[in-house]
Amino acid sequence: MLEILSAVILISAIIMSSLRRVNLLIRGFSVQSLAISLVCFTLGFKTGEVHYYIIGALTLLVKTLIIPIVASKSVRELKINREMKLIIDGYWSSILTALSIATTYVFLDNFNNDFVKAGFVLMVLGGIILIGRKKAISQMIGFLVMENGLVLFEISMIKMTLIIEILIILEVLMLSVIMGVMVFYINKAFDTVNTDYLSNIKE
Amino acid sequence: MIINIIQSMILIIAAPLFSGILKRIKAILRGYEGAPVLQPYFDIKKLLSKERVISKSSSFITTVGPIIILSAAILSAFLTPVFFTAGNELIGNMFILIFILSIIKFFNTLIGLDCACTFGGMGSSREMFIYMFAEPVVFLILAFVYFETKSFNIYKIAKLNAVRTDISSAHIVAAIAFLIWLIAENARMPVDNPETHLELTMVHEAMILDISGRDLAYIELASAIKLAIFLTIFINIFLPFGMAVSLSAAALIKAVILYLIKMLVFLLIIAIVEISIAKFRLFRVPELIAASFSFAIAAISMMYFS
Amino acid sequence: MFLDFSFGIMKDFLSLFFIFIIIFISIPVLIYSGGYIGEYRKNYSVKYHWSMLILFLLSMIGVVLSSNSILFMVFWEIMSITSFFLVIYEYKNKENLKSGILYFVMTHISGLFLMFMFGFIYKYTGQTNFIKITQMYSNLETHKGIIFIFALLGFGAKAGLVPLHPWLPKAHPSAPSNISALMSGVMLKVAVYGFIRVVFVLLGGVSYKYGFILLFTGTLTALYTIINALLQNDIKKLLAYSSAENIGLIFSILGLSIILNSLKLYESSIMALTAGLFHCLNHGVFKSLLFTGAGSVLYATGTKNMNELGGLHRKIKFTSICVLIGTAAIAAIPPLNGFASESLIFMSFIKSVIAIKSKAFVLMIVICGTALALVAGGAIYSAVKAYGITYLGEARSKKAENIHRIPISMNVGMAILSLYSIILGVFSPFIINFISKYTAQYIFIKEYRLNFIGYETIFISIMFIVIITLITIVSRILDRKNKTETYETWACGFNNFKPNMQYSGDGYSQPAARYFGFVGGYKKEVIIKDTITLKQRVHDVIERQLYNPVVDFITFISGRIVKIHYGKIQIYISYIFITLIISVILVLKLV
Amino acid sequence: MEFILMFSLLITTMIFSIFTKDIKKTAIINIISSVINVAVVIYLMFRINSIGFLSYMNNSIYIDSLSIIQMFVGSGVTFITAIYSYRYVLNELRDEIISERRARVFFTLFNAFVISLLIICISNNIMGMWIGLEGTTIATTFLIGLEKNKLSLEAAWKYVILCSIGIGIGFIGIILMLYSAGQETTVLSLNWTNLLNSYKPINIDMAKIAFTLIFIGIGTKAGFVPMHAWFSDGHSEAPSPVSAMVSGILLNIALYVIVRFYIIIKMVSGIENVKYLFIIFAMISLLVSAFTMLKQTNYKRLLAFSSIENMGIISLGIGFGGHLGIFGGLLHSIIHSFGKTLLFLVAGNLVSVYRTKRIDKIHKLIKTMPMNGVFLILGMLIVTGAPPFGSFFSEFNILMEGINKGYYFAVTLYALCILIAFAALLNVFIRMIFVKGDEEEYKRFDKDSENIVPVIISLIYVVFVTLTFNNILYPILSKAVLIIGI
């Protein structure tokens, strides 16, 4: 079960890295989040610890449902389905992702846990999306992918107290909500979410 | 003490005479008779009895300047041994002497600027220019003298050198350096022509163009005294043999005669120099002074590094 | 307390002497300021001026009194800050602001060098207290070089040694004249104090090598600045350069003292140090006098350009007499104070040579001495120029004709300074012998009494006065007989006189410009069109050749560095990741 | 329990500000709560001065000298900005730049920010610190974008993205660090005091990587170059009280968190040299910020770069180590916070009058706004380290320590950069204050003295710290130095 899930996460990562449509990106993210919540449930089932369930439930609720729904709604409203010009185009970003997977597996050789590696991969992917995309909304997704990586990383490496973990998850949620709101404002002020127009402050 | 005052008084009184002699020698060398040797006294007397005409642009500098110039000249005369030295006088620091002589220069240049006259400014500027170059020479000559005698006191220097029997080659080279400086400092040819009033040549005369009456008399007297003092200093530093070091009548008479002979010889030398060299362009004057400078350097090197 | 901030004060001779200088000079300058500030009442705040002025004076006293390197730096910086605010006091003039900024930056550089210096002292002794440092100079023995270099740079930048001088000819003319008088007369001396304190007291003397460095720097400064001074037409700029010249003189004599000290020629060394200290006092007096005089000219006419002035002696006679005394003092005319110290300086140069065995040393000292003699000649040249062109002759412009009356307090201040100048000159033997008694402490001989100079100056002064009186009496008698008449200037007979026929400031220094113009960036330009116009320009060569390229370079670099803020968020994100990767690699490899 | 008082107060204020329509009342309550905050912090300072440290709730709340210093700074700056925001927000409301709802959001987030700040300071749990940091990001994003114009939204977007990335990296670092200890992680083992005594990494390399990640990640929030871009952009667009708070508190607190981890890490033998991270990043920050300052056209941005420069100075002091260095760093962080607050508030006053942030549009402040002009000069002197202000002593101490330890290159660069930064600030401020523009006449604005009280208070703080750092505050500061470790 866990092997399948980690495979799903990695595959979704590679696919997402080359996607141009924002809608599909959101969907990919939602699938990824689903996989992560399933990971949590599985771990909870295996170890019998409650907080895995809670994290899984929160992830399921927020990342698989709320955020994708809100995001795709705003995509529909904003009519920004396509990334026209990428800074790192799909071809290169999928190659980069593949390379990062390879290097991660080489360097994190001594970790016997697939999810640590998957978390790392997601982090790198998030970075690639953040750097490679121009639309603010894709950047938001990129950031959320990074956060997914963080969650994976955290649950598979150490065990923390419940309250701390919940706080972490909640804060991440807050951040994504804030980003959503920001995207909304940006669209209102600039009539676009293309970050090319967000480079007036310099020097 | 008293003998010092007396010899200085003699120097002051005799100073115009030396100027007269110099002029007479020049005239004779040039082949005409020339004015009598006492002419400077007559000139001064004439000027003293004339009315003063001062420029309406002039300031208090014109009023006090000549007085201070003359005072400085007289004062420096009192600081110089002429034919007698005891070697233990309180006064006679070379530095003070040289700097007091520079008072004359200082006020002369100010007088030049005082009456809003173009010539005055010109002369003043040139004088200062020459002075600036001459200053290192003074330093070196003083250094040389100090190296030789370990003293700054001119009375002491004169005494030491008077009894000295060996005269080094450095001594002679330094003497030449001093002589050139003397010529430059006293506005003689080839640095300045004291006889003409031509724009091209004037330095010293240009500054006192608008001075008349007793002021002019003071300044003329002062420059005569200055020349005499410089020659005396020269003699006392570099050729003081025969100078009286004790208060005996014989020594004194011998010293006075020797002094006069030396004086006449040097007046002759200056006269010969003056009639045989044309006046230099202003911007060639530094070359002359540079020559003096190198003489001085050479003298010090010979003195010190041999 | 880790850092010892105890407010112990230095009470040795050095501090007391410099405090004496500060107070002695600042009193007449303060009296002068009372009248001078009146001019600013319309446009500027007088309260501001006074409070800054008082703070400035207090901070200088603080520097001299502080017995702790940190306290020293605090007062030092306060001195810089307050003087900066005084320099930009006439803020309505943009030039003043510019020169103020240059000044502040230079003084900051000086402060940083000093911090480095004290840092090194702290490193090797672990102390900040001066008295404790002096007890430990064995620790410093092998590290004196670096401390000396930093001291030279730090104090030299504040004092105006070449090539750290360019602020001086800018800040002094910009400041109100009473401030320039204090800055030039007193503040530069505080820098000299610091230098003596560190090099002579804290380091306990350094090797002759450093003495030569100092000697050469001082000589170079004096030569360079006096030629620049000669070429200036702005009175205050001229005076500012001349201040730097005097500082050069002081530093070279200090260098000589170091050389002699390290060669164990204590007697000559004491003489040199005495000469240096005495010249500090004297320069303070006559330079303050000259700056206040320039202030009076500015007050009366509104300009400080010599080529617009002239003939001021008629309207402001008292000032012109005081300034004449100052000019005579700076020209080393006996029996004024400038003469007293300058002759002492030259005497110690000559005397030192006789004692030194090494021929190479002698050669170098003689060369420096000769150069300084040239400088002394140049000093007279520039002093006569400044005085003659400004005060004598006829007015060269309308500004010099319509003159404001000068308040009495300004004249009183100047009169006191002139009096100082005379007293310090006439009674110089007493003062020199007094100072030398104490300077011996800094050359490691505790009880040392030596009269360098006989008391002949006093005697000669009396004689001089007697002779002048006699001649004056003679003149009076003559004048009774012959009348005095006033006419137009004769000048070999031309008759329609115009003021611009007089020699101008440019013309006066023209011969020197021909010879030394390259040092002052002198440029002459003759344009012949309908009329012939002659333009002469000077600039500071070092500033152009050294400072401007540095400033250009910094501007260039900053133009490049600014580019990293490109504005695009993706680039910023990649900065983070790239930094992350590089530092992880570096940390793994290197740490 | 003082904290319950503080938190309940802050939360009440926060809730109050959400629901009250009367902005004036909210602002006043905000001021009152911040005053109480200051009082509590000062009380705590006295207690810590006598006891050494305080710990509550099964050691999950832990305050020592190091954290009380941060609280002191935090409460002080909060207090000043609270007073400032009263007039500021009312003016903005009157001028219809922000709506009434925005004003309420302002006060809510203001308190949220203070709460997260307190969490960081008092938390013994390292994850708690992280949560607090994340909380500051959440709270300040909207504060920066408060005016909702294009530039401020851009700044806020950059801020939220870059800081979240940084915080995420820091999170990985923390987890790696805990993992490298190789022990079963429990509540206790997450405690800083616990880690301090028992942190023994199995894999040294992993510990190194962990600290590097923490440094880079949280360093993003501390404004180290080249992770600083959010900072300079955010400051130029944020409302002035927010800039003051971010600059005065947030940077310090982020550095404080890094230092907490540094204290743990440097105990491990073999990786003492991580201090070079501090030195190198400090040098890069100094260099870039100093040179960038020369080319600024926006005075708030200039101040932001000056903050980066000062962060460089502080971390240089910490990197040098030694009593002088760390003492200097701590002292500088305190003085700089208040000094920069002062400057940002003055800048806010200028913005509210001139409605521009461009340097070349402001002339002759000495005539138009003399009080603010004077404070601008004073602030400049404070942040550039001029005596008699304490920043001089701190800069001098750091320089001395650098020389003492033999970091000659770093010290030279440091001196060069403070010189350049000084020249840049001086040049700009002198131009703004004294130089005349095109206008014919310069009249004094009424608004000059309107909001000057908080500026004066920050000056009082600076003077207070300057006067007391060598006596009253000295025990606390030196204890904090000992905590960081010489």
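Which chain is which? They are A, B, C and D, in the order written, and residues in each are numbered from 1.
Everything below uses one rule, namely that a contact is a pair of C-beta atoms (placed from the backbone, for glycine too) under 8 Å apart; a residue touches a chain by one contact, two chains touch by 3 or more.
Keep in mind that what you see is a predicted model, and the values were worked out from it rather than measured.
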{"item": "Remotest chain, subunit C as reference, centres from CA atoms", "value": "A"}
{"item": "Most centrally placed chain, judged by C-alpha centres", "value": "C"}
{"item": "Distance from the mean Cα position of subunit C to that of subunit B, given in whole angstrom", "value": "34"}
{"item": "CA centroid of subunit C to CA centroid of subunit D, Å", "value": "44"}
{"item": "Euclidean distance of C-alpha centroids - subunit A vs subunit C, Å", "value": "69"}
{"item": "Cα-centroid distance, subunit A relative to subunit B, in whole angstrom", "value": "101"}
{"item": "In subunit D, residues with contacts to at least two other chains", "value": "157-158, 161, 165, 292, 295"}
{"item": "Sites on subunit C at which at least two other chains make contact", "value": "562, 565, 569, 573"}
{"item": "Per-residue multi-chain contacts in subunit A, two or more chains", "value": "127, 130, 139, 195, 198-201, 203"}
{"item": "Chain contact graph, described as a line, ring, star, complete graph or other shape", "value": "other"}
{"item": "Sites on subunit A touched by subunit C in the complex", "value": "87, 127, 130-134, 139, 195-196, 198-203"}
{"item": "Sites on subunit C touched by subunit B in the complex", "value": "310-311, 313-314, 317, 320-321, 324, 328, 331-334, 339, 343, 346-347, 349-351, 353-354, 359, 362, 366, 369-374, 376-378, 380-381, 384-385, 387-389, 391-394, 453-457, 459-460, 463-464, 467-468, 471-472, 475, 478-479, 481-492, 497, 499, 501-503, 507-512, 514-515"}
{"item": "Contacting residues of subunit C [partner subunit D, same complex]", "value": "1-3, 5, 70, 73-75, 77-78, 81, 88, 91-92, 94, 97, 100-101, 104-105, 108-109, 112, 115-116, 118-120, 122-123, 554-555, 557-559, 561-562, 564-565, 569, 572-573, 575-576, 579-580, 583-584, 587-588, 590-591"}
{"item": "Subunit C - residues contacting subunit A, complex", "value": "562-563, 565-570, 573-574, 577"}
{"item": "In the complex with subunit D, residue positions of subunit A that touch it", "value": "123, 127, 130, 136, 139, 143, 146-147, 150, 153-154, 157-161, 164, 167-168, 171, 174-175, 178-179, 182, 185-186, 189-190, 195, 198-201, 203"}
